[in-house]
């Protein structure tokens, strides 16, 4: 019979039991649930609400429950609804009467919010560590490809030449902000709901500061109704994951493109490729396709949670039980995406020959040429127009800007001088970049130094 | 080693294998995968592409695979990636060489689209059956509460009196359109991709009409690229589920409201209620809260799938592997929501006494009174204004419209006559409704008849 | 003062008025609102609820209102809240007393649902016409490129050769299902709410069948509460748009890819390209990028509407006012996407030379070769493995399958014969396809005939 | 002709122009665009890239453009595409040649990212100010209702008594975290993209630190590709808005519930209520319904933006033009929601009489009673069960816990003593709360002091 059964005469039907249970998924919270119970029991004893002997029985019993769970001996029961009831009931089976005192000055409402915050806190640390590993992989990939120039794109059209290192560092920057968002989220969520009880607090002389400190929280939450009813901490967590997922999806898209026959810039090793059941020649970059694809479920998880929270009155509503699976799924997915991206980064090579051969196409030096004219005193708008006409000429006779003779150039504008050829061609063009944050090789080298130091990488490796 | 391993020298890493596998979830397709293989093998034999002996071996082997799966003896292997490869490889283990011929003129691309359509088709039928049961429950609930008048709300403010039956039938109408959407979706998805192979069809002399017919499809899909790359059939399915989920969420909200102390209109039995771990008096309508809450994940699943499909080039991309879990989750969730709503409907009673006692409040007869004046020749806008003033008087002296004397009424407008009292009071007001589709008792009775016939219910029950 | 002001002593504050007004956006419904009022007035007169003279005044006044609006002379007033009140109040200004009778047996609740359905119905027709034009453009594009072979992709890796026509027809198929969804939606929404009044119907002797027929609806809705409170008809509409938007986003992605320097398959004319403010050489396929990007807002609009409807109790809630802007935005956006895609299709050429030159890469004939071995009696799995090894050899010595000598091939498998060279090379490979729905040229030709007839295109054009 | 027209021979078609223009919505950025141009021109002059005279012309011209815009005299032209081109072209019309130099070392890619960040930064400040006003209103509402006890709910079932002040402070807490999220977002977005140019930086000797400082940014962004291609700063902004919107939707739901006849706890003044066009007695809390409803579009805007960013390769893609409208809509909507909630809070009264009369129902003192038994040494689980049985007795004989005689209580458990009546009844129950963060009156008073000081409110007002 249910632990809350006092006033009930009838059991719930099987369909209702199966529909309302959460043990099938919330059991992953067991470690944090036990952690919370330990802190709670110690506080109850310290405050004289239970005896030291009872506390010791409870602590001993919790150790046993934890051992059973980790040994795979624990039997999770659907009729015990959730992780909290399963553990409390098992504790009662083991230590008897003292276990019945554990739920003093506590409700599942504050308990689950505590457990869930502890779980999220740990998983933010895990995700941040995964991001760090990906950043390191990207940085090492950059180091392995010093000096490699690739086309930079806008609108997927060739725009200007950039160092591959510069492009890889752009991702490192983006993931760094993802770290920032997760850490801000962690700071904001790290307050303790325990002791808020059902919604109103309690009249028993508990010490919420003691449990809060024992569990590593910054402080107890200030308002008991807020403590049990809000889920903004997971909404913020899944928002951070979703934003990161868009970053990862862009990496996925880019590497899938680059691995195509048409680009041909990137060659994944067999160990990160898969084949086809029908087409014998296929070698597909599936992991990065799935990184791109799985961004969808991370976003879907966030949407589920936002829809869930919309329009609920205070305080706790059973709807909130649905807060967990989207979070578990989002976290598992994002970790997989980060790990596989890291592994992919470690198992690709760039096809320097093909990249170099393809570089002349696309007039990547056109903007450098326009800047050249600016240096000669031509207003930028005019210089843009002049170079536009030069490009049009190249297109019509199918050549590159550097192939135009000085006479042809001067026909378009007298501002062109013999020194123009120092600015033409991709190699020259990329050398000219000098502004802070640009793809100029000095700028990129100093950014590499910055990240090498920050991520604590030994450049020799 | 992988079935597609010919040109590969290295196995994929464990991380990639775990990230890219789908067997952990797509194994639920086993029945439809085997069904498809049976049809395919028979067609291959009929076309002379395999011998009849080979076909028989394959069919026998497929029977054995199916038996093993259903007996729980089958070992699903992650290194065999997905349900298709697991079954084909197991088939090879069982029947040897002939199994290697099964994948003739077939790719996993067309195979999975076939399996998935078969699965969805079956599950649409299951969901429709669940809707029918819910409609029947609502109808029976209506029959059990003949004549019960409840306040009708707009803006959650009392508006006009309605028969409870009328309100319950509104849900029946909405679920009927949900059925319509699902059936339209089924018609549109019921075309056969098998034989589209990887994306381009095949040069082998297959007969796509034969497999299509054997599997109960309307016809083969006309375009092989379309056949393997589009997922609009599941987008439409999850859209239908999402719309239905909003309907169910509204039922959830309404019944949660009605079960509150403040409304007090609805009493769930203990068998569909749950209690609190801390508050001994609580009896909560959790199933309907969860019905409301779970609408969020059905919507989230749709969003995942839409995001997934956005911006993918033709034809098949590995991203599409992510199409399955949202569909499985949406279907499982919506079935649970329907079942539990049905069970809830069967286990509630309406508190007629409390409802009746509460009815006089809210001036539910005000609009009937305005219509009375219209019948007396007053333009509606004027009559609306007159009744507005009468209500204002009632509010100020804290009474109901029927409590105003004829003198007081005539002070407001001379159009009032002694017969006005036949229109005042909730009982009178509800009697006056007569328009088609209105809450008038004759109208409602005829709607009940309509649905009783349509849903084939014996009114005596 | 408000038209509903009878019982109110105070006006709403400016902030509330601005926040709650809908006239800034719902005025686009004016035509359908007037259409509904005409039908309603005629019915009221027919039923003797207003005089024929009043009806004539109303009809005349409505003509004048419509004229003013279309001449841009009408002054929309925020203090009159919405399109319904604006029109009714203006009508009163014009024709006086009779106008006050128009709102007899009608509420804004049933009125807005009627207007909105009429608007959606018209706009579905408009969208379907836009789809038809896009299909025609794609078909004509196909006709202009008869015989052009392009690489077919899976995982964005080259897979098998396909006729460009076949690929273009895949889109035509997808858009055809989009048409189907819209038409199903239209059938389901085409029922008339008028006469449901606030939520309960009315006691006045109206004829709902008369108004329903006058407005071209199939029938009046059967349940008045359902009629005013459900918005599933727009949820379904926006679902159909969202699914179509994913189709369009894929077209956008594909054409952006193909227009890149690396693919170089597709050349947009200047008239559908844009340049860069800084890079003089750029020519970007912006319209198709925006087609891809705008799919996001169509999906966002659907999400808004789903979230909106979640958890609302019956019947009408003011939240539902928020149903309009997402629909207006979705419709405007999808029409723009369709139109611009059509225009793009009319203004591109395929770079046959570059495509042809690129074709040999990617071993597109590998599967044809595997099928060749099947015809020779080799089980498919074995043949897949043999060809896989042949491809591996090609990769290692950097050649194509057709470059292997018969001796080299026979070294890999004795099943190879001299006739193998009839199956190798892209031209040969594409010729071999013969299955229904495949890219074989006969199959494609017959599909072209099918669509030419269905879309009523003159092939000579 | 387009400003980027050099290499183009043909204009874009009207349909493309209308589909790709952004001036209809991005003109709201004009102030920040001009601000950026001023800083850029000053820097160019300081670096010797333009003359001081040119700079002065440009600055004077920008003043004139700004004046024209704010005077409503400026003509926005669709053929000039966007706000940047419109302003630059107008500048050229005004000051001639010098204007052509303004776009030196600048692209629209870095320009729009700069403008957009400046705009968001300002609007975050505006939103935070709105939140502060709402918090103040809630706090003042709390002050006006000192000592008022209301039922606290879980599952919308009465749970425990709470002070209304405590409930209102729960919202204040939630909005405080919303402020935190916005401010974190602002810190993270406040880096300057200007000088990243198209994507690669420039070879001209610009000083990015100078423009960054002039515009109040923390520093220039470190990587030019990152600077022009990422939109995580708006994703984070809209995430914060969406989370806030769920908070506001809950306030909306709660106040709509409380304003119902059934609850009857809250009376909005006429100035924040609206009526019905058909039902003369209606007075609806529309503003709070719309606050609830508009949460949907804030969430929809976030989804649009997430879908938009999914799967885009580097660097800038035209899709990103679609980033603006969702942000403008989200900001406008959330400001409206905050303002109207503030105004609603200022215009409601709580119906103390009705609340008090309703309080005894629901056994709100049951948990206090269970805690009483704990104090007497009964283990909590046992005490929960005992009180559960006492409640069951009350339900069966339709009375409250305080109505049970000591004999009846002791029949259930001998642990009950005469002093039990000090714990029964709502008034007593609420007095007993004493834990930190609880609804005990001392705790609440100290929270009120905290917030009064923090929000700088004069308690006398």
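Residue numbering begins at 1 within each chain, and the chains themselves are lettered A, B, C and D in the order written.
By definition in this document, contacts are C-beta pairs under 8 Å (C-beta built on N, C-alpha and C of every residue); 3 or more make two chains touch, one makes a residue touch a chain.
None of the values given here were measured: they were computed from a predicted structure.
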item: Numbering shared by both copies at the subunit D-subunit C contact, with half separating same from different; value: same
item: Computed distance of Cα centres, subunit D from subunit C, in Å; value: 33
item: Chain centre separation (subunit A, subunit D; CA means) in Å; value: 24
item: Multi-partner residues of subunit C (each touching 2 or more other chains); value: 3-9, 103, 109, 153-156, 159-160, 197-198, 257, 275-284, 286, 289, 292, 295-296, 299, 302-303, 306-307, 310-311, 317-318, 367, 384-388, 391
item: Chain-level touch network, classified as line, ring, star, complete or other; value: complete
item: Partner subunit C, residues of subunit B touching it in the complex; value: 3-9, 49, 92, 97-105, 109, 152-156, 159-162, 166-167, 169-170, 173-174, 177-178, 180-181, 184, 188, 195-206, 208-209, 220-230, 232, 235-236, 239-240, 242-243, 245-247, 249-250, 252-254, 257, 292, 295-296, 299, 302-303, 306-307, 309-318, 367-368, 371, 374-375, 379-382, 384-389, 391-392, 395, 432-440, 443, 447, 450
item: Touch list for subunit D against partner subunit C, complex; value: 2-13, 15-16, 18-20, 84-85, 103, 106-109, 197-198, 269-284, 286-287, 289-290, 292-297, 299-308, 317-322, 325-326, 336, 339-340, 343, 347
item: Touch list for subunit A against partner subunit C, complex; value: 151, 153-160, 256-257, 259-264, 275-286, 289, 303, 306-307, 310-311, 358, 361-363, 366-367, 369-370, 384-388, 390-391
